[in-house]
Each structure stands twice: as C-alpha cells, then as structure tokens.
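Just below sit the structures, each encoded as structure tokens.
After this come two complexes, each holding subunit A, first together with subunit B and then together with subunit C.
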Partner chain A sequence: MATKYDWPAADDRSLIGKRHTRVDGPAKARGVAKYSYDRNLDGMLYARLVISTVPHGRIIGIDTSTAERVPGYKGHVNIVNVGDEVQWVGSEILAICADTEEHARDAAAAVAVHFEALPHWVKDEDVKKAGEANRVQPAKDDTKGPEMAEAWASADETIEGYYGLGIITHCCLEPHGQVVDWTDDEITVYASTQAVARIPADLARGLSRDESIGDVSADAVHVITPYMGGGFGSKFNIDTWGVACAKLSKLTGKPVKLMLDRDEELMVAGGRPSDYGNIKVGAKKDGTLVAYESETWSTGGIAGRGSPPLPYVYNNEERLAQRARHLNVSTNIGPARAWRAPNHPQAAVLTMCPLEDLAAKLDMNPVDFFKKNADLTARPEVYRYEIDKCAEMIGWSEKWHQRGDSGSGPVKRGLGMSLHTWGGRPHDSTCEVRIQPDGGVSVNLASQDLGVGTYTTLSVVAAETLGLQIPDITVNIGSSKLPVSGASGGSTTVGGTTASTRRATVNALEELKAVVAEALEVGAADLVAKEGKIFAQSDESKSLSWGDACRKLGTRTITGQGKQPDREGGKLNDSGVGGVQMADVSVDVETGIVTINKLAAVQDVGLVVCLAQCESQVYGSLIQGIAYALYEESVYDQATGKMLNPDMEFYKLPGAGDIGELEVHMVQNKYDDRGVIGIGEPPVISPGAAISNAVANAIGVRVPTLPLTPDRVLAALENA
Partner chain B sequence: MVSSRHSHDGPADRAGREPRKGFSRRTFIEGVGIGAGAVGALGEPGRAQAAGAEVLGPDPVPITLNINGKNHDLEVEPRVTLVDALRNSLDHTGAKKVCDRATCGACTVVLDGSPVYSCTMLAIEAQGRRIETIEGLSTDDATMHAVQSQFVEHDAQQCGFCTPGLVMAGKAIVDSNARPSMAEVESGLSGNICRCGTYVGARKAVYEAARGGTA
Partner chain C sequence: MKNFEYIAPTDTLVATQALSAEPGVTTVLAGGTDLVSLLKQGIETPTRVVSLRNIAALRGISKSGGGLRIGAMATVDELLASKAAAPYRSLQAAARGITAPQVRAVGTVVGDLLQRPRCWYFRNGYGLLAMQDGESLVPNGENRYHAILGNKGPAYFVSASSFGPALVSLGATATVAGPEGERRVSVADLFRTPASASERETSLMPNEIVTEINVPSASGWKTSTYEVRQRQLLDWPLATASVAVRERGGRVSDARVVLGHVAPTPWRSSEAETALQGKSLGEDAGAEAGKAAVAAATPLSQNKAKVQLAAVAVKRAVAMAA
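Now for the complex of A and B:
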C-alpha cells in the first residue's frame, strides 16, 4: 500500500540513484578531517599498552617500580592482575601514560611482567595434529534434503578435494583506540568506532565493574566520531584499552590518548577466522547437482569460531542432499572479530571452488554449470541475469577455455567465477530533521560514516525529499548525543538511516507545508517541494522559494522525527541480495606469480541511493578480495606462539599496481521496488573463490588454499 | 618462567637512560624497526658521533622546521620522528602514522620536492629542508590543488585515512611529470597502501590532475 513516505518513482528522482561527489570528500582530500588519532587536546597525556609476550601463561609478577621513575610518567592502570591467565600474545596487561609519546614508550618498556608459561597451540591447518593436541571440538553436524545415500548413488560424477583459506586480520589504517577527556561535567570519548550510539553504555559498564570507580552513567559519556579510519567489522566495542584510557584520564585529571601500535592492531584488534575442509560434490551427467558434503574446521582464537554456511548459495533443501560438519579448533591467538560478511568469503571458497572442479570434470563451461543449477539458489532469476551480464563484461565467451588448455608458454591465462548472497537488512534508527527559519536543514542521528558515504546518502535523501540540492543539507552524525541509530555492521546502515531520514524529512516538510498553505491560501495537500520551491500543483503561480517559505516560520524551528522500523512508514528497504563476480588472471608457472588482468562484478542492492559511493564500495571489496586471494595472511609460529608478521612489510596488501582492471555494474531500475539494501558486505565475498577458480582454469590444477602465493602455486603444479 | 619483551633490554637502561648518550644508531633502529639502508636521508649518526660531532639529547633540543614555506620553532627529543613532530608538536595531523616503518605511505610529505616517509626520518634531520605537507596544498575547499579536487571528483576515498599520503604522492608525481602514463602513476603510488581499496579512483585522479583535471 502506497504511503507518503515511499521513495519517489523513478521519473521523480533527481538525486537518488545518480552519481555525486562525496560530501566529506574535500575534508578528506585536504587532510583536515579530524580522526580520533588526530585529536590533540590541551595538556593531553599519551598512553601505551603493556601486552603479553607469551601465548599462554599465568601472570606471576608485574613490576612497575622502574616505570614509575621514568621521566614524565603520570600513572598506570592494570587491565589484568597477578594470578590471571593470558591466552595469546598481545593480550592486554596494563596501560601506562606519560607527558609525551616518547616517555610513554619508555615507561611501557620499563614494566617487567613475569609469566609462568602454560602449554600453547596456534596451528589450525592440520586438524589431525590439532586433535592430538586436544584442541578440536565438534561444532555442527547438519544433514538436510533428500536421502544422502540415494543421492550419491544417482550421481554420475563426483569430486572430492581439500580447500581452505588462512587467517587474515583487519589491519585498519587508523588503529583501534581513542582520546578520553574525563572532566567534572562529562566523559568525552573521541573513539575510532563503528558504533557511536553503543559506546556510552559499553564504556559505562566497563568502568562500573571497577569498584574504585563506582557507578558511571552512560549519559555521562559523550562519544564524538565524525570520521573514523577503517573498521570492517572490528570496531564495535570500547575494548579493554578504551576502559583503561578512561581510567587513566580520571586518575590524572588530564585528557589521555591511547591508540594501538601497528603490531597490537594486527595481533589483537583484528582477525577473520580460517576455514579448511574436505568437500565432496556429486552431479548427474548433464550437470545437475545432487549431493554436497563438507567436513570443515577453523579457528578464530581460543573460542574457535568461523562455521561457514555450507553449501553456499546452492543450498535448496528440497532438491540437494547436503551434510555439513564443522569442527572448532581452539588456538592461543588474538580472538576473531567480525570481518566484512562473516563466514561468507570462506563459504564461497568451500563451495564455488569444488563446484568449478566438478564442472571441469564434467567438461562443462562453468557459466552453463552455474546457470543450470540456479534453481538450487534462493534467487534463480537474479543470478541468471547477473551471470550473463558479468560474462559479457569479462568477455567470457571469447576468452574461456577448458581447464589447463592455455597454451605452451610459461604464462597461462584463465577465467573463474563465483556467486554470493547477503542479507543487509536495515538496523534500527531514529532521526530528527530540523528546518530553520533561515532555510537551513539539518539531519541529526547518532550514526557514523566508516567511509561508505553516510554523509552523502543522507544528504541525498533529505535534499530529494525537500526539492533541494546536496549542499543545502547539513548532516550531523558521529555524536552519541544525537538520536540513537544502529551500529554499522552487516550492511545495515544505509537501509536503516535512509529510512529514518526519509520519514523524518517527510514529517518536517508536512509541517512546513501547513505554514505555506496558510500563506498562499491553498490546501497543504496541493503543495509540492521541488527545484528549490514550494508551490501549488493546481496553480503553479502560487509559489514560494524555499527561503521565503522558511521565513514564514518567524522564530520557530520545525523538527520532524523518523524511525526505522515503522509499520506505517512505507516499504523503504529490504534484505537479501545476489552478486556474481568473474576473474581473468595470468599465472607464470615458472615463478608461481599470479597477476590480475581483470575482475568484473555485478551487484544487486535493491534501490541504489548514491551510485558513485556504491561503486566505490564494490571496487574496494574487489581490492580487499585480491588481498586475501593473493597476498595477506596472519602467520603463526608454533614454537614461540607468536604472529610472525604483525607489521605491514610482511603482512602483505596490494598496491595501486597490483589490482589490474576492475569493472563494476550496479543493477539499477530492476529491483528498485524492494527499497534500499546494504552494500558493504556482499561484494567482498566472491573475489577469493573467483580468483582461485581462474588460477585453476589457467594452470589446470587446483591450488587448494588461499592466499595463492607463488610457493603454493608451484607446489600445486609439482604435486599434479 | 618467561619474562616479557619489556624486560629483556634491561629496564634501568631504557628508563633511567643513563647509558644512552646522544641518539645511538641502535636506539634509532629499535625505534623505527628497520635497517638504516632504507633511510638514506638519515646519514650516519653513529659515525658522526665518533668523528667528534656535536652530541644532541637525550633531552629535547630546539629545532626549526620549514613547513609549507613557514619556519616553526619547536623543542623535541632527537629521537622524535618527523611525523611525530608534525602531529604531536605542531598539530599538523594530515600526515598519518600507520605502519611507522616506511611501508604504507600514510605519513608521506614532500621534502625538497621528493616524497618521503616522515615516519622514518628524524625531525632534527629535516632541519634546513623544504617540507611540504598536505596542509600547505589548500586553504579551503575552493582552493584545492588539482590532485585534491580530482580525488573528490573520482571518489578516490573511503575512510580517508590514507588519502593525505596518496594525495602527497600524487602531487609529487604531477610535479615531476607533466603527462605521466597510467603505469607511471601506478608506480608513483605504489608506496602507498589503502585498506578500503580506493586505488581505482586514485589512479584516475592523479592521471587526470596531470592533464589539467578534466574528468
């Protein structure tokens, strides 16, 4: 049923779905955007963490006596105490502060912590060895669909293989951390966070656990985060360092800055679980999938974690016999945090790679194979359309060849593909829109812009609704004192915040229309706001410019409220999208080096709000996908229990010359009626599987685990 | 019993700091975590000391830095890197400290016309040099440098934390090459890491900025 809140029809959209420059673009390009790390407050102290150097141990002594004599030392607070166990290298032990950054480093270096070593385990790829070390727990055993034995009996062709991908870490360029200024009036927290509205309660709870501090009200905490330097799922909480930083500020009476060092950031503030598994898939001669069985294992630290949704996308429970078993491996490494599309990139590798192997065994073109089985997915039409579109973008029909059939030279070229899905439902959000007598319009909510374009999308929604332009709107986000809006995780922000903003803006406009109706002596329902004016549809000569209309308010400010969800508020958003990606790679079989020629991505997200920023999300996802497909991995050493590459020399990320050509197509004007759906996660899911499949197509053998480093490529060729 | 890394070096030595005279090569290398071979601009502090040159520190020393055409007087310990001096002493926070060891380029400034990693240069070594930071490229949104306006035009930014470093690297490219090819742009930007993945826009922005900024 149509409501006044519904998105304007395609013909009436002047801003939604179009390309715009980023509202916060100039501030970022000019270097004047102030991030938490950039806050320099009067009298501010610098704090550093002292961390565990052992992967598992009991603390038997913490000696700060020397540290307290370091010039400039101002105080320290324990995070754990003597007698406590630490479970990974990098585990936070105490925070110490001093007058300068250099003195804080000296003081931290002067703290002596003594441990009684306990047995540790950090390896996960070899599940048998992990089992012998008593580190493996069953986590899942789900059987669904037709009877398994009958399904296998009906299969004409089967493949069985080992696939997987290692642990990666978020490596946010702005590390986790904050500046805290605890005064008599307020606890101000400049936090690098994805959850502005959630941090006050999180910090208050953390502080109130300390009896010497007593109860702290969440209302006493003011979080300020206009800009933040990358989160990717790792920055939802205040964390131990945030609580310790606040305590140091209270203790010293000064503002305190505590940002993690790069090694700490990589060891303890990020982490996507590994996933490895033995997969068996069966199909009939014509390519129809009949059975899928997986036995997978993964680690995300001491608690395990990382159970992928298998089989992925191709998972119709009526027609595909399927069994998914999963084992948790417990390791003494920094605990996993949500990483863009948790468990889905792993699931794509553990499904799309074996499926392409089966297609190769059947001598089928993967495009035909994946399309033929599209009825086993939740969105057959979407995927068929997207496969065809993507194939056209990458030149599949001209370039594709049978697996390994890539000439006699040392450089082999190949194509591969993958499909993905994601929810992206809207989070809860409240918004207040203000219209001022001077014509000013502000959108106010305690959301945040992780770099995805929140400032821009909300400007577009308000401007479109009021018939104004983007610069006419001020978007106030990044303060916990504004109306509460959800944390930015799971691709929930754009759906939630655009809906609350649309409703709030429509409500505010209605109030303004009532005032204008009286002035123009027309009915309010006859009025429209368009092209900087409010005028009567029945008689366009009855018109006021936006400025003149607002002046009629005298000294009154209009406030419009909007909420998500809102049952009477129209259908503004949805969840559930599909995407297809294809890779064109070259592999030098003498060096093992994989080069990206091109990646193509087709993505459906319902109604696109800002096309350029949507595309930027997909470009970025493809590049992050190239990173985990070819370069990055957290490497752990069992002898010492340490991460061997907690830095940016050996934790490899691609540069501007490593990404080849990227082409992105956002599906528009096809599923717009579904409303807005999140874009952050879906496009990062498929690149790993698509690139791995392209490498297999090029060299004729499967490189079983990602990242596809030269040594692994050469080993796979040698073992073939 | 295992001791933490924090006690291995002998706490008295680092905390009391009696043993350290001047800024030793070892202490500097510990601080920046890389071999001296990668920091050509540094010279050879150890040798200078042996030759009887003036010994500075460990206490703060007065220095003058010429930044964006203006002299700034400040006092820093000799071990303080240029990026820390810019950010902590002068509130020039456009240059970011990310890897802190000459890998990611977020701290890029232009020194006598060439891009350098300010995390891997001591502030005292930057005296007498012409330092350009992102703050010097524009005074407001309307006066943006061509590289900056092209970064906005091509949406070459997400979280934006790497952007100032990429912009400075891009400026150094267009200053030294009027018509860089795309391969030259990629090569010139290859010392800068972006985690969000903004290279598609960044490449186009620098390429177009050199050609007069027509998008």
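Now for the complex of A and C:
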C-alpha cells in the first residue's frame, strides 16, 4: 500500500524518469548565469596569494615593504608566519590586495619570502626509493575470508602483476575562490562551493581563530552560490584563501575577490591520490575466483592518503580468500582532496585489470568470467543483467577476440570491461515549498547545483507532485539563508534533496487541497492534482484549474516543510548501486597512441528523476574517465619539488575529437521501488580499468600504469 | 607582469629602430599567442613591445616569382585558405596540425617559427637551459618531451615549431630586417642550438625582425608532413617529419628529410636522405629512412619512446609523399 509521500507509481508519472532539458541551460548559454568568478561589485578589490616556492622549508622572513609601495596596494594578511614550515610548492603564505587585478599581481610578486630549505621528496611510484628516503609507512594489512594458503593451493591458475595510476587533479574549470563583501550588516560570500549551508560555520570558525578579528557568528555570514563551475569533491571548505579574503574585506572595508590562478588550482586545490600495487589473483580452471592478494602504496601529499577498497566489487568475505596490504607514501606535494568516488577508480584498476589478465590466462571471455563470479559481489543479479546489456551495446559477441588483435596493419582493436559500485546514501536536507495565491510555486533549500542538474530534478519533483509543468516551478537554492541542506559530495544530493522536496510539496499540496475541498464541497482525500487542475476523483466535473485553486487562498501563502531523513510515510531513497562499462579502443602499435572508438555504460540508480540529467552525469563521467585513462597526470620534479605541468597545456585533457562514441543506458523500471540514489560518482569509476583492459585485449600485453600514454604503451610492447 | 611601453609603428624600419640591440630589453609582437603568456608569467620582461600589426608590408600570402611569399603577419588560417600555398602539401599538413581555431586565427606562420620552446623547466622559470646550481635539470629530471638528437647539452629542449621542418625541407629563406638594412638567411639557419645561457634558440639579433618567408616552387617535388600527436585537441606533437623528394625514373634523386620536436632545432637528417637516395618511394624506403634518421639518437632517461616515434614519423611522411 503506497503511503502518501511515496513516489508515484510508474503509470502515474508524467515527468519523473523522462528526459527534460536543463532548466538553467538558457541562462548559462546566454552568459547571464553569474558564477562566483563573474561577481564584480562596486569598489571591489582584487587579491592574490603569495605561495611557497620551495617544497619544504621553514619561513625565516616575510618582507612586504616593497609590496606595500606598489601602486594601488590596499592591504595584506598573513596565512602563515615566520617560523612556520611549508610542506609543498604552492602552499599559501599570505594574501594581498590592490585596486586592480594587475596591481594585485604586482604587489604579490613584490613580496619577498625567505626560506630555510629542508629536505623534500615528491616521488611515489618507486616505493623502494621512497622507503630509502624514509617516506613510507604501513597503513593497513587486512586478511579476510577462507584460509589463504588453502585457497592458493586450490587455485589452478594464478597471475601476478603490477598495476597503478598516478596523481591527477580536479582541474575545475572555475577555480577555487570567492568574493567577500564584509559590511556592518553581514558578511556576504560569493563562494565557488559544494557546501552552501556549511560555509558560514566554516568561515566563522576560521575567522575566530584570529584574535584580532574576534568572535564571528556563523549567522552573520551569507553564502550565495547560484551557479558554480565544477567541484568534483574539492570544494567543501572555505579554505585558507576564503578566510584571508574575508579578512582583507574587513581590513579594507571593500568587497574583495580572490580566485585562484590555474597553476595554483592545479598545485594546491585538487589532487587525487596515486595508487600502485603488486596484485596476485588465483582461480580454478572453470574461472571460479579463490584468492586475491594486494600490496599497494599511494600518496596524496604529506599525510599519505588513498587506500583503495581491495579487492573491489568481487569481495565476498565468505568465499574469496583476500589480503590487502597498503603503504602510505608521504610526499611534499599539494594535499589530496576527495576526488569523485574517492579511492574507487584506483580500486577498479587494481582489481578489474588483474581479473581480466587472469581471464586471459584461463582463455576465458571476460564477459563469462565476470558473470561467473558475480556471486562474489553484493548484487549478482544487477551485475549479470548489466553485463549482458552493456555487451549488447558495445557489440561484444561480434567484436571480442582473444588477447592480441591478429589483424594486419599497425592499428589494433580491442574490447575491455569493468564493474563498479557506490553508496550514494542521501544527505540530510530540509526544504520549504511555497504555494502563492497567484499560483506560483517555489522550492527553497540551501542546496547547490554543481552543474549536475539540481535545479532541474527539483523542478521535476515539485511539478510532478502538483500536476504542473517544469516551468511552473521556481527553484531557489544557492543561498545559505534558505533551509539547511547537505553538502554535495558522495552522490548524496539527488537522493536527499528530492526526498525533502517531495515531502514538502506533498505537505503544501495537502493544505491547498483542504482549501479546494471546501470550495468544491468534496472530501480532501478525494482530490488529485493533475494536468494543471485539482479535481475530485469521484466526480471529475468538480474541478478547479491550478490558478483558480490558488486564488482561493486569498492573501495566504502556503508553506510545506519536508525533511530528509524522515522514516514516516514512505520510502523515497536508498543507497548502493552497480554499474558496468565496456570500452572499444584502437591502438597504433607503432606510435602507442590509443583512441577511443566507443564507451558503453549501464548504470542502476534506483528511480531516475530526470533521465537527461542522469545520462548527462554519465556522459561527463565517461569523458572524465577517458581523461585519466589516457591523458591526465601531475608531473613532479624531484630536484625542484615543483609540479611541472600546472597548466592546461601539458596537464592534458581530452577535447571533443578525442572522446569517441559514448552510449549510456540507465536501468529504469527495474529497481524503481528502491527510490532515488545518487549518480555523480559511480560512472567515473570504471573507465580507467575498462579502457586499460581494452588496450590489453588489442595489443596482447598489459600496460601496467595509467595514463596510457604512447611511451607507456610502447614500453609495454617492448617488454612483452 | 612588468609594465612596458607598447608601440605599433606603420613602417618596418621604424620598428627595427625601436628595438634594442641588447637582448631581453625589447621584443616583437605579432599574433601574441606565445608572447602574451610569456609576459604574463614574467618569463619575458621587456621594457618595450613593438607590435607589427600596423605594418601593411608584412601582411599577406602571395605567389612570388615561381614560389611563395609569406608575410610576417600572415596567420595560420590565411595559409590554409591561400590558393598560392595550396601546392605546398607539407605546409598545409603542418597548419592542420595546429588544431585550435583560436591559435590559427591570430597565430602567424613566422611567429610559429620564432616561438620560444615549450620546455616545462623553461616555462616554469628555470631559464632556456633549465639550469639549477650550474647543472641542467633535464638529464636526470622530467625529460619525456625533450630532445633525442642534438642533445649533448647544455640545451635539451625541442624546437616547438610546426612549420620549421616543412620550410627547411622546402629550402625556404627568411628576409630579416635590421636597423642597417635587410639580409636573407635560410630558414634552417634561423634556428640555432644555444651553446650558453647568453644565446637564444634563433640566430636573429635582438633588433632584427623577420619580415617574410620565401618558399621556392615545389613543382616537381613530392612533399608531406606527418605528426605524431596524442590528441586531436591542440597538442604538441611528440615527433614530426617533413619530407620533400624528387624522383627521376621512379627513383628518388633528391630528398630532404627534416624532423621536428626531436632536437633544439628542426633536425635535418642527412642519414635519412641518404637512405632514400636512389630508392623507389615505398614502405621499405620509408622504414629504412626512419631507422637511419634515429640511428644516432641519444635518448635521455625518460624519452626513449621518442626514438621510435621519430622513426615512424619519417616512415609515414615518406608514405604520404609517395
């Protein structure tokens, strides 16, 4: 029996699950959508960071005397002080502001910071060398499942190999930063953030650490972020530059803009940990997996970081003997931040690549091998279904061949696959829906749209609930003064915000129905809102248009509240999804250049709210996946400790011509009863492993580490 | 960015007189696709920038005698659209390799020749020779994109020019204007491997301007350029080769093979040319020429792959020319 908040049944949905164009698309396409970077306030000053030029050192002097004489200089605040240590190139030292951006740059360049150099280390792949430099710490050694020695003894075939992937950054197109306007009334922060509701307390805390500022109330802070240009997990906090920007605004009495430069963005504001490892996997002749052992290491800066969940997806603790050891490598590079599906893309490479190598050794088709072992996963039925569907989309049965394309000519073609999982548990969210006497409907909550479709999905939910159309709904998000909603991380937003919005809208509608029931002289329970009308089910002639119904409110505005989590009256969301991806690649074995012919993705997310936005998340993930599979890597120089490619020239991303064909299939009408589950993370997990597997299938040998650049591909061919 | 004086004279002589004979004091602005970022990053810090945009005599691409004249302000797009340039297939291929519409629209052919190296140590402020404490950072550092030929040091960067190899293979010359008048120099001799930190990667004096490039007729020559590039998006090639060959009786009688992105200058390979001599243009001849081109290569710690990529570039350029 459906309860009142449940999502409408499949045949009762007019908007949910269908394709809708992005409601914020026109504003973005016309350039009228204001991002934080676009905010230019009257009298605004420009701030720049002064950053560390050494990878490790103690600050022995900060001389701003020349900088203070630069024309237009307005002030500076220290982020660290003399005596403090810096641990990476790009580490924030102070922020300085001036009347123009050019003067601010001149002033920043005129600051002299003196360091006492300390030993540094920036390399991680060669774990032996890192160990010799005293940079390696044991982090984990977990053994689970059946007895290890017995499991190995039962294996008919084993493979041992080395796999890995280097450090990449988030490379947000809108860099980190904000404009802060500190007035007597309020501290207004136009922040590029994934956490509108969280930033006020974060900033207040940061400011209160400075005795000269004193206590600042989080309620004095107003964060405004209607649009933002990419976060991917790197924009949850106010960061040192946000606190410094606010202090400069207080100091000067003017609004101050501080957005990072591209090089700063790549050096210090992003970073996904590397992961390398020696992996051993064993199976019986029929392909049944029996044992998996990994010894991995990674770095994400001075604190290490990056411990992948291994073995990945195929991890049944009753039936698979498994041991996962991990080492932390400490390096003097910008610290890692959560990168879309933290640790999972690495785990996929370190699991799905060795598994495909084992399948090849067993002369098994990977589709059969991965399906055969699906019982070792948490959702065997889902994966079996998705593998079959994805195989159909990529033409697996027609195109797949045993390892090594035997065709003539230098261009070899191959197929590869990978599986992934993600939680996507909804975050907490509160929503207020207003119905105005003029028929207007607004959805209000302090969420944010990272470019993922939040405006659209919430419009769909409210419109569906009220029997209206998407343009009838106004979505107000991106302000911390609205009801609190969670940060957008971990694929938690769509599940959290659609639930609170659904509940708030249903509650608001109930109030309206009570008014309409009186006017039509029917029972409120008899009323439905559909196709722009509210009418009695028992007698459809008893009906009011939406506008007429709202006019009955007179001068009153209805507000409906909704909260997530809320166990009352319906199940609206869930967590835990599966996905399968397959890649079709061509490899020129003379040049080592890999091109993508096609990527196919099948993804389960429970109930799809807006099919177009959901697919769009997967398309974006596949492109981001191609980027880290083939192109992206942060290159660090040991002698200088510097990242050599903090730019978009040698920090390579794919362009439209490098992407190939992408085909996405969202699983619908199968797991809808589970409710809404997040989509942001899961589809970015598999591309690296699937593409690496396809390359191995094409050329007959494994290229051990990503990105699959020409030099790595040629080296693998030569070593074969 | 350091402030500078900006002038845009209408006359070449005035422009050269506005340039200092001292290195690093003044600089020339054409399309600006390279210079502007160098100025912003503080890698170039001139006190005066002399723009060539108002000098009408430096514009255009046209037939000249039997050959082709490319003015200093002619853009990559103009080259691609020029009927006069259409027979020069190796130049066309090099132009198509610059895959950014923005760069093609404002970037000039001469600017491509004279752009500074893309070496990431240079671009990160360690100087053209990437020196730290009297030693080059390159041989033991991150050298995957660095030189495999002509790399005995102290220079390890590669010439980034897209058109250099093609123009050298076509026997093009440059007209160079200075305060004392004009001189002509082969495009090959425009490039130089610096022997010390006081030298640059071109043979131009600081107060000289390349006013035009003259390319001899390509009639009777088969020409091509092949670039090994990882991306379709604007991307520096990993290795390129331009060839120009003439045949007599189905056999190669003249061959010019010039590699790009493998050495501090466009790298003319007499070994590859010798290998082609007297052969018929087929797969085998190209493969042998490719092998010969890299026989003397001395890869650094991380750029061994470039040896093969350079050989493949030659092989494929020969195949395209055939």
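The rule we apply is simple: the second predicted complex is superposed on the first by the 717 of 720 C-alpha atoms of A that agree within 3 Å, B and C clash if a C-alpha of one lies under 4 Å from a C-alpha of the other, contacts with A are read in each partner's own complex, and residues count from 1 in each chain.
Rule of thumb we're sticking to: contacts are C-beta pairs under 8 Å (C-beta built on N, C-alpha and C of every residue); 3 or more make two chains touch, one makes a residue touch a chain.
These numbers were taken from a predicted model, which means no experiment stands behind them.
Who does A:10 touch here: subunit B (first), subunit C (second), both, or neither?
After superposition on chain A, A:10 lies in contact with neither partner.
Answer with first, second, both or neither: which of subunit B and subunit C does A:149 touch in the superposed model?
A:149: touches no partner chain.
In the overlaid three-chain picture, which partner chain does A:711 touch, first (subunit B) or second (subunit C), both, or neither?
Second partner only.
Contact-wise, after the overlay, does A:620 reach subunit B, subunit C, both or neither (first, second, both, neither)?
It touches subunit B, and subunit C stays clear.
For A:638, decide between first (touching subunit B), second (touching subunit C), both and neither.
second
Name the contact category of A:82: first (subunit B only), second (subunit C only), both, or neither.
neither
On the A-aligned overlay, A:655 touches which partner chain: subunit B = first, subunit C = second, or both, or neither?
Both: A:655 reaches subunit B and subunit C.
Based on the superposed arrangement, let me know which partner A:591 touches: subunit B (first), subunit C (second), both, or neither?
In the superposed model, A:591 contacts subunit C only, not subunit B.
Using the superposition described at the top, determine whether subunit B or subunit C touches more residues of subunit A.
B
With both complexes superposed on chain A, which partner does A:109 reach: first (subunit B), second (subunit C), both or neither?
Both: A:109 reaches subunit B and subunit C.
Using the superposition on A, tell me which residues of subunit A are in contact with subunit B and, in the other complex, with subunit C.
Shared contact residues on subunit A: 102, 106, 109, 647, 649, 653-657.
If we count contacts the way the header does, which residues on subunit C are in touch with subunit A in the complex?
1, 42, 99, 118, 120-121, 123-124, 126, 132, 137, 140-142, 144-145, 228, 230-236, 238, 302-306, 308-309, 312
Taking the complex as given, what residues does subunit A use to touch subunit C?
102, 105-106, 109, 590-593, 630-631, 635-640, 642, 644-645, 647, 649-650, 652-658, 709-711, 714-715
In the complex of these two chains, what residues of subunit B are touching subunit A?
By the definition above, subunit B touches subunit A via 1-7, 9, 11-12, 14-17, 33, 77, 79-80, 84, 87-88, 91, 93-101, 103-104, 106, 133-135, 137-138, 141, 144, 148-149, 151-153, 155-164, 167, 183, 185-187, 189-203.
Can you name the residues of subunit A that touch subunit B in the complex?
21-22, 24-35, 37-38, 40, 46, 50, 52-54, 57, 60, 66-67, 69-71, 100-102, 106-117, 171-175, 227-232, 261-262, 450-452, 612-613, 615-617, 619-624, 647-649, 653-657, 659, 662
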